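Presented sequentially are two complexes of chain A, the first with chain B as partner and the second with chain C.
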Partner chain A sequence: MESLSNVDVSDEEEEITADIVLKTLQTAWQNECLAPEILPHNNDMVECMLGQIQHMERNINKLPKTDIRASIHKMELSRIKFIICNYLRTRLNKIEKYCISILNDERQRMETGTNYLTVGEFKYAQEYLLNMETHLKNVVLDKMPGNMKTLEMNKMAVYPNLQTHVFLKANSTISGVVLEDLVGDQDEEIDLEEGSQHILQYKPIADLVKNGKVQLV
Partner chain B sequence: MFAEKVIELLKESERNPDTIDPFKDEKIRQILEEMQTLFIMNMNDANATTENKSLWTTVQVRHSALERNKRCLLAYLYSRMEKIKTLRWEFGSVLPPDVRELLSDDEYEWFSRYSTNLASYMRSLGQDIGYSGIDLTENLRPPKALYMEVVCTTDYGKLELSDGDVVMLRRNSRHFLPAAECQTLVRQGVLKQIV
Partner chain C sequence: MDPYEIEFIGENRIVSVIPNFSYDKIYLICGEFGPFRAGLPLNVPLWLAIMLKQKQKCRVVPPDWMDVEALENIKEEEKRSRFFTKMPNEHYMVEAKLILGVAAEDVPNAAEIKTIIKDIWDIRMSKLRTSMDALMKSGGSYGRLDHLTMMEINSVKPLLPSAMDELYRIKMMTKHRTPTANLNSSTISQSGSSQNI
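Showing the complex of A and B:
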């Protein structure tokens, strides 16, 4: 919300903040595309950017059609729009794929107020799961004999693979990231220097991605 | 052999991973019938196991066959749902009649619900700041240029652009249009991009 109010303060500041908003959005998009699980939403940034787009579109429309500035700005706008659409779409794809596990986790997170999904996304996920359930029930489950009728959600659930490896870049110096040793019991501790790049398992650095200390590349 | 038909069903649909086959009503009915028979046999034998322990293994095998059938049927439906989802993104909320025929009634019902749900989510986007929603099915590919050259494949009629200009789309006519506005038509096959 902070950035939203910043933008409205004065016209001079607007350009700098709009730039930061775009950068944040780009990072969020990049992280979302590369992370195996769903990340906390960035709805404030998206809405702020949408506001900016609207504002810029109005300005462009004032320019004559043949003005070169108009086409350059339009091109830039369509790029930003693509980023927003792709970001939201990536999230939707994850929500659909990991629907059951995301909804279960989200219900716990909602109690602590640290929800990852926006209200709209949560509604979408619930509706999606409900539709899937009704469909499966109508087509086959209801026609099955006695004790086979129930849909076992746990057996159907797809979980994101947190053990996968990701490329990442440290935004600040972080010391003491614990890498679990799955086979033996020799846990390893490493330090990430600012600006350094690594290939690591996603799970130990998941929290660092969420609070922006590292960035996936 | 137990669960033979369901494997056939899955193999058939796996053979064409990118296209959607007609819904196999008959086969599914047969599989459900097999399950019913297995279940009844199991019921009879399970009641008898109290005296005769040797039947226990038979019951177990039949039960796992039942479980397998169920799992595979669900997988079949699930993979079809995945395919139907891509249809929604490609064609929009109205399916061409030849594709519509490939879905069963229940699947079509699911498709419309999925479509409505997606539409209401897209409408809710940015509502707080007075936006009327974003169509996520646009901008599927990164934009390369503002305008693109297209040729029309059918007599489509008039197309009104967002700046108020009206373009007449006739068969085999060529146009130079804003990419954002003709992408949907390109995906529907009305326009074809000239590279």
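Showing the complex of A and C:
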């Protein structure tokens, strides 16, 4: 089987190796599982890895069934598929749960071109909301008196709790993370040293998660 | 996260095995491993080591730290120190569980090692509970947890972050209430809405 170490990701216009793609995906998966809100998508990486998997599967089929390499490769592919499936499923769960608020935020983000959802995910969110609306109308609202028929979707919005506490590990040294102090109105500033681990509120470090300076654990 | 997911992440660690077969290099997505030469040790990811062991195609070389003397030292150090000491390995519990579970016969003094690792785990968990208690009592919304491994952090995840969230909520409510302490009826609805942030 030929080497698979060089993969070209067209968007970044530089050669990155398959194992870096895998590491990025694993980090993205971990962060997505642990962050309260939805994070920017990693579609290039997912697509790239899915391509790799297909390529690998074709090669495995050429190997004799008893070959030990076949079972090793299959095992690795199952592990990678698990990460990808779990990652995408976690995102869909968040989309369903926070559908209205995510769609509202996403429309604003699309104007600046910093969208978090992939095209498919955005479509899914819109359809999910539409289906929910139709369902609620069919089941209850249509049978209500005229003045009670309106459905105010925005009042139903569920927001992720950004104040929740999370565990994190700093990938590089970051100084001046501001922690809000509620009692004394004295905000505290802390430094995160490289490799150190902390528990703190998600909100002050949300951007650091998105730009990869910290990793949720 | 599920403990099995932590185990899954821990399975990416590299360990050393001695295969009993010979094969060329194998090119996996996570890197290239090999060549396999019967009787010569080589490095592979833990999941691969476990898989080969289950097929009885290799012996696992116990990691350096999986040694009675080294572990006794770690245990003493852990007892002496007020803080958490650095573990030999970010996933020591996962590695120990998998290697001792599947390849116990490859590790000298496996039973003894199992007991010491369990002791170390227990000492650390009791320390963790004490410090969590102290953190909550001081009303903190921030804590530093150096040298804690992922599995240890995960074991307090169902409790600590939600306790801190709850504390935060209570603080928010008192904060909203103090300026208008006399107007009880109106503040209740106010604090009620601040809960849904």
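Note that in this section the second predicted complex is superposed on the first by the 199 of 217 C-alpha atoms of A that agree within 3 Å, B and C clash if a C-alpha of one lies under 4 Å from a C-alpha of the other, contacts with A are read in each partner's own complex, and residues count from 1 in each chain.
Please note the rule applied: a residue touches a chain if its C-beta (ideal position, glycine included) is under 8 Å from a C-beta of that chain, and two chains touch if they have at least 3 such contacts.
These figures come from a predicted structure and were not determined experimentally.
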item: Joint occupancy of chain A by chain B and chain C, clash or fit; value: fit
item: First, second, both or neither for A:V139, with chain B first and chain C second; value: first
item: Chain B versus chain C as contact partner of A:L200, first or second or both or neither; value: second
item: First (chain B), second (chain C), both or neither touched by A:M75; value: both
item: Chain B versus chain C as contact partner of A:A18, first or second or both or neither; value: second
item: Included angle at chain A between vectors to chain C and chain B, based on C-alpha centres and rounded to the nearest 10 degrees; value: 100
item: Contacts of A:C85 with chain B and chain C, given as first, second, both or neither; value: first
item: Smallest separation in angstrom, by C-alpha atoms, between chain B and chain C in the superposition; value: 8
item: Overlap of chain C and chain B interfaces on chain A (superposed complexes); value: 71, 75, 79, 82, 86
item: Residue numbers on chain A that touch chain B, as the complex places them; value: 46-47, 50-51, 54, 65, 71, 74-75, 78-79, 81-82, 84-86, 88-89, 92, 96, 120-121, 123-124, 127-128, 131-132, 134-136, 138-140, 143-146, 148, 151, 155-156
item: Chain C-touching residues of chain A, taken from the complex the two chains share; value: 1-5, 18-19, 22, 26, 30, 33-34, 49, 52, 56, 68-69, 71-73, 75-77, 79-80, 82, 86, 159, 161-167, 179, 182-183, 188, 190, 196-201, 217
item: Chain B - residues contacting chain A, complex; value: 28, 32, 35-36, 38-40, 66-67, 70-71, 73-74, 77-78, 81, 85, 104, 106-107, 109-110, 113-114, 117-118, 121, 124-126, 128-129, 131, 134, 136, 138-139, 142-143, 145-146, 163, 179-180
item: Chain C to chain A touching residues, read off their complex; value: 1, 5, 8-9, 11-12, 21, 23, 26-32, 47-48, 51, 55, 57, 139, 141-148, 150, 153, 157, 160-161, 164-165, 168, 171-172, 175, 196-197
